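The structures considered in this document are given below.
Each of the next two complexes has chain A plus one other chain: chain B in the first, chain C in the second.
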Partner chain A sequence: MMKLLLPFSITPDLEALSEKDWVFTSDLKVDTSFTPLDWNSFDESALEMSLKLSNQAEGSFCFYRYALTVGEMPCDRFLKTLAALKFDELFRVNPGDADLRFRPEVIARIIASFAQTYAHPDFILMGRQKQVGDNACTPLLTAELLGWPCVTQVIEIEPADEHRLRVTSAVDGGTAVQTISAPCVLSVGDAPCTYLRVPTLKDKMTYGKKAITVMKLEDFPEAEVLLSSPNAELCSLTPIHREREGVLIEADTPEEKAEILYRDYLKGRLERL
Partner chain B sequence: MKAILVLNACANDYRIQSQFLAGFLQQRTKGVEADTAVVFHTQEADRAELLSSVPAKEAILICLTKARTETMLNQLEKLGFEQTDRVYLFAGNCFGSELAVRMGQRCGGTFLTGVDTVQCTKEGITVTKSVYSGHMEAEFALKRAPYCLSVSRSSAEPVMQKGPTAEILEEWTAREDTENDFSEDYTLIPGNEEKNLETAPFLLAAGSGAKNKEGIEAMAQAAEKMGAEFGVSRPVAMSAWAPMSCLIGVSGAMIKPEICIAAGVSGAPAFYAGIEKSGFIVSVNSDPRAPIHRKSDIAIVDDWHTVLKHLSDQFPKSL
Partner chain C sequence: MALMKREQIVEGLIEILGSENVITDEQVLKESSNDRYRKYEQVCEVYTQPIPAAVVYVHSTEEVAQVLKFANEYQINIVPRTGHSAIEGGLETALENSVVVDGSKMNKVLKVDKYNMQVTCQCGVPLQDLDDMLQEQGYTTGHSPQSKPLAQMGGLVATRSIGQFSTLYGGIEDMVVGLEAVFPNGKICRIKNVPRRSVGPDIRNIIIGNEGALCYITEVTVKIFKYRPENNCFMGYTLDNMKTGFEVLREVMVEGYKPSIARLYDPADGGMSFSHFAAPGKSVLIFTAEGPAAIAEATAAGIKEIVSRFTECEPVDPKYIEKWFSHLNWGAEQIAQEREEIRATKNIGITTEVSGCWDCIYEIYDTARKRIMEEVPDITLIGGHSSHSYINGTNMYFVYYYNIVDCPPEEEINKYHNLINQIICEQVVKYGGSIAHHHGLGKARAHYVHEEYGSSFYMLDTLKKAFDPNGIMNMGTLIPLRK
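Let's turn to the complex of A and B:
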């Protein structure tokens, strides 16, 4: 049986914030508490790719999936979805008051400790980047902490045999395909058609109530000790404004608007190209 | 503070990496001077050409039999980190960000990806980078040297190297050890070179307002009729309505055409970062509250399908 650890993050929908919402408090936090939560899109791809592995193996090999997230209680709703999708074990690490937005080294230490002490996975699959911190570091750091190799920008995974995966990844100048032996961290990039499937009502009823193990940051002393000494300390936050003139073309019909656009704004510019 | 540049000449964008890092040093740093460049290359590389592109006085050339990041990391480790008071600058592509983080961790230094500016003063070193998906800029004080930073691809304008050719400080051929034993049958499939979004003078960018694959195909046809290159936002590419080679934004092409028409896109920062250097931006979106309208020069609030159909009809056939 191939063991897969799937760390994932839940993120506020930042596009739901209006211009005036981008203000921060004295501790340099932006209030996103009123925005809907969603899967981190890269992690969502990793979760779905792990499910596709079972479909592709067609019963020839078995996969055992651990889902792990670091977050508050609202994350449990997402863990329950994974339970309904037949993930085998579900874990949430409650960060308490710790601000982990720009601390990928703490998150990576939690994942690495969890892998070493509990899950002992063959592969760790996770998204390449979080939306809030934009750190793009966690999978790489996890690999370094474990002393494992890391394949980045993964876009497709297939089972090769009981112990190995056939991995396709985007690289500078093209695509790489290789057969990967365990252990390895796979950092998922822009993988098309990997939106997480929706569990059936029957599976929600049958599997959705599986227990979620909640842990505390204190359960990971090696991660907790990192909190007091960040290598990169946040000093300031500034909203980024990218406004242009935004002159609105007004006319009665879309046809007229298209004519005005071409005649008054594009024709001359196109002639100068 | 002295900077060491790390360049990957095994990739076909080596010149762009060099020109971009030269531009970054000129435009986006204070108190940083490029000292040495570490250049990974293959046996087939033209050494004179490699050296002429290096934006530093001296170069360390490392020849690789296979262009693999695990091998590059081991080679960087062999260089030693005794000169800790250094900034290591990496290109903002896949390899650069990976090496910056993993090298920073291995040498016990500080690492950040997608950095927009670097400022070194007597008080210390600070960097800025965009966070919250491009909605905010964060400033960080870096605490522990060496500082391993990959630079944001949208931060600077490329600069051609005009100074003297770099001198070779050291060079060797890296012997592959056991670092790639986890991987078998490694095959590199070159990418589609036909798409040239980054040099297109006129581009139509399509978003998920297209609603489906048919909508995207209609937009692509309108682009062809207008003589425009065609690109898409991440949700479109992720839905496989268009190939990944059409992707615009922080994980795709960073374009700067003279004219960009953004149709059916909302204007999320991760996408907008890819088109913000365009000379003239037109937005077409039926939602008057879509952020793209405020970020464009000219805005049309209407159905993209009808607007593009009639707009493309205006174009003379020779275009």
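Let's turn to the complex of A and C:
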């Protein structure tokens, strides 16, 4: 049986924020509590990939899945969905008051400790980054802490045999296909399959009530230590200026407008190419 | 059946409209053979309906009259269309060699009459454009269906549409002042714009909701209202029981309040939008009040007082509701994303909306939901919400998702969607409600027209025979085709 650890994160739907909502509080946070929550899309791809492995193996070999998230109680709804999709064990680490937005080293430490202490997985599958924080470091730091290799920009995985996975990843100018032995961290990038399948109501009723093990940061002392001695301090945040200027081209005919567009806006750029 | 061959139909249409307005491109024809009732077939690009002979673009009422006369003479089935946002099969070309008459190029706003508070526009004016234009000037149509970014005025009137602020502004039937429509024999009829009249039956209602089965709507005049979003008040509550929720809605309506939004979501449906503040198993009640500041404030205060009588209802921060309010509508971007999700997950979401008086709406909701859970395979979510309330009852908008398992695209509609529709319609008929609240009967629910109308079917049938004796107007819609 191949053991898979799937750390995932739940993020606020930032699309639901209007420009006026991007106001920083004194502790440099943006209030996103009024927006719905959703899967982090890279993690969602990783979760779905893990389920596809079972379909592809067609019963030849089995997979045991641990789902792990760091977050508050609203994350339980997502863990219940994974339970209904027959994930085997579900864990949530409650961060309490800790601000982990820009602390990939803490998240990586939690994942690594969980892997070493509880799950002992063959592979860790996780998204490469999330919208909030957006550092793309966590999978790499996790691999480093565990002393495991890490394949980045994974876009597809298939079972190779009982102990190995065939991993396709995006590389400069193409894709690489490697047969990877355990243990390894797989960092999922822009995979074509982004959406997690949906459990039926019957499966929700049958499997969705599986217990969720809730842990605290204190259960991960090495991570807690990192919190008290940050190696970086958040000093400021600045909104990205997304305004665009528009110019109305005025002329009598479409031909004249096209001529102005070419002469004033395109010609110079084309010449610089 | 048409008395002409396909090529002759196309030639005749080119003679009337010119070749540039007669489209025979195969892909366009295929995509014009259905609507979002067959959403999964659309996603899979499988077309099971007869492919029309042509899609034609009309630019004037006179052109519509000429096309209809031609079709009437040669018994060619006409499917009127504007925004192509229908979801009940009303735009399906059910007969061979149909012609889709697209009015989307009749898109001029003819008159904004701020003194008499009405706006006149051609059938192809997009509601979003019209309302954006009016709002810039401090006015609104008050009409805001979820399809606002897609729908156009002719189709909205033809389907007897309703907007999300209907509890205050009413349905489209309450907004339409006057109309212009073309009948199959080419006769152009105009109904003048007056505040009210007592001169016999209200003939606007022959046209409103005709779903293209009696005539082609070319022009509409609707009321406009002052637009005062700065006065909007938002209220939200969580509660344990849908039954209590219906009671709250009833009290608000019976006491005479007119919130622009009065909604009740069950836990399953609400869970998709409100899980960030409503605990699992909780229903959600939402109200918004708008209008002049004094009225909005008084409405909000009155509603709060009524809800406070129901101790089960716990208020939530109004900002949650305000956030939700700013993302109400569905446009092309959401539809494109939905198609991608359906392709990837084979999970599809559909809605069916019905109505009933206060004494039966809960039974309709509860029994239909239970039957669907028991009788339909592969269901992933069944829930619903009430979103349009009246003094004597409310609607129920069933929302359901299912996984499409071991089923080719052309069989999906019968294996799942029609089965669910059947259950809902059976329960509605059993308890005395209406099987369609605002999407129209289309072709999807035309099979239930006799149960829906009862003895009054005589009147609908007589209208059809009188106005469309040759049977050329959107056949299969409202009244099912004989097999």
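To be clear about the criterion, the second predicted complex is superposed on the first by the 244 of 273 C-alpha atoms of A that agree within 3 Å, B and C clash if a C-alpha of one lies under 4 Å from a C-alpha of the other, contacts with A are read in each partner's own complex, and residues count from 1 in each chain.
Throughout what follows, a residue touches a chain if its C-beta (ideal position, glycine included) is under 8 Å from a C-beta of that chain, and two chains touch if they have at least 3 such contacts.
Nothing here was measured: the structure is a model prediction, and the numbers come from that model.
Residue contacts after overlaying the shared chain place A:Ala16 against chain C, while chain B stays out of touching range.
Using the contact criterion defined above for the overlaid structures, shared-chain residue A:Thr200 touches chain C, although it does not reach chain B. In the superposed model, A:Val132 makes contact with chain B only, not with chain C.
In the superposition on chain A, A:Arg244 makes contact with chain B only, while chain C stays out of contact range. The wider contact with chain A, measured as residues touched, comes from B rather than the other of chain B and chain C. Of the two partner chains, chain C is the only one touched by A:Pro36; chain B is not.
Applying the stated contact rule after C-alpha superposition, one finds that A:Pro74 touches chain C and leaves chain B untouched. On chain A, the surface touched by chain B in one complex and the surface touched by chain C in the other have residues 193-195 in common. Put simply, chain C touches chain A in their complex at residues 271, 273-276, 280, 317, 319-320, 322-323, 326-327, 340-341, 344-345, 347, 373, 378-382, 401-403.
By the touch criterion stated above, chain A contacts chain C in their complex at residues 12, 16, 18, 33-37, 74, 77, 193-202, 204. Listed in rising order, the residues of chain A touching chain B in the complex are 14-15, 17, 19, 22, 24, 30, 41, 101-102, 105, 131-137, 140-141, 143-145, 149-153, 155, 164, 170-181, 184, 189-195, 229-240, 242-249, 254-255, 257-259, 261-263, 265-266, 269-270, 272-273.
Across the complex, chain B meets chain A through its residues 8, 11-13, 69-70, 93-95, 97-98, 101-102, 105-106, 109-114, 126-127, 129-144, 179-191, 201-202, 234, 237-240, 244, 247, 251-252, 258-259, 266, 268-269, 272, 276, 279-283, 291, 293-303, 306-311, 313-315, 319.
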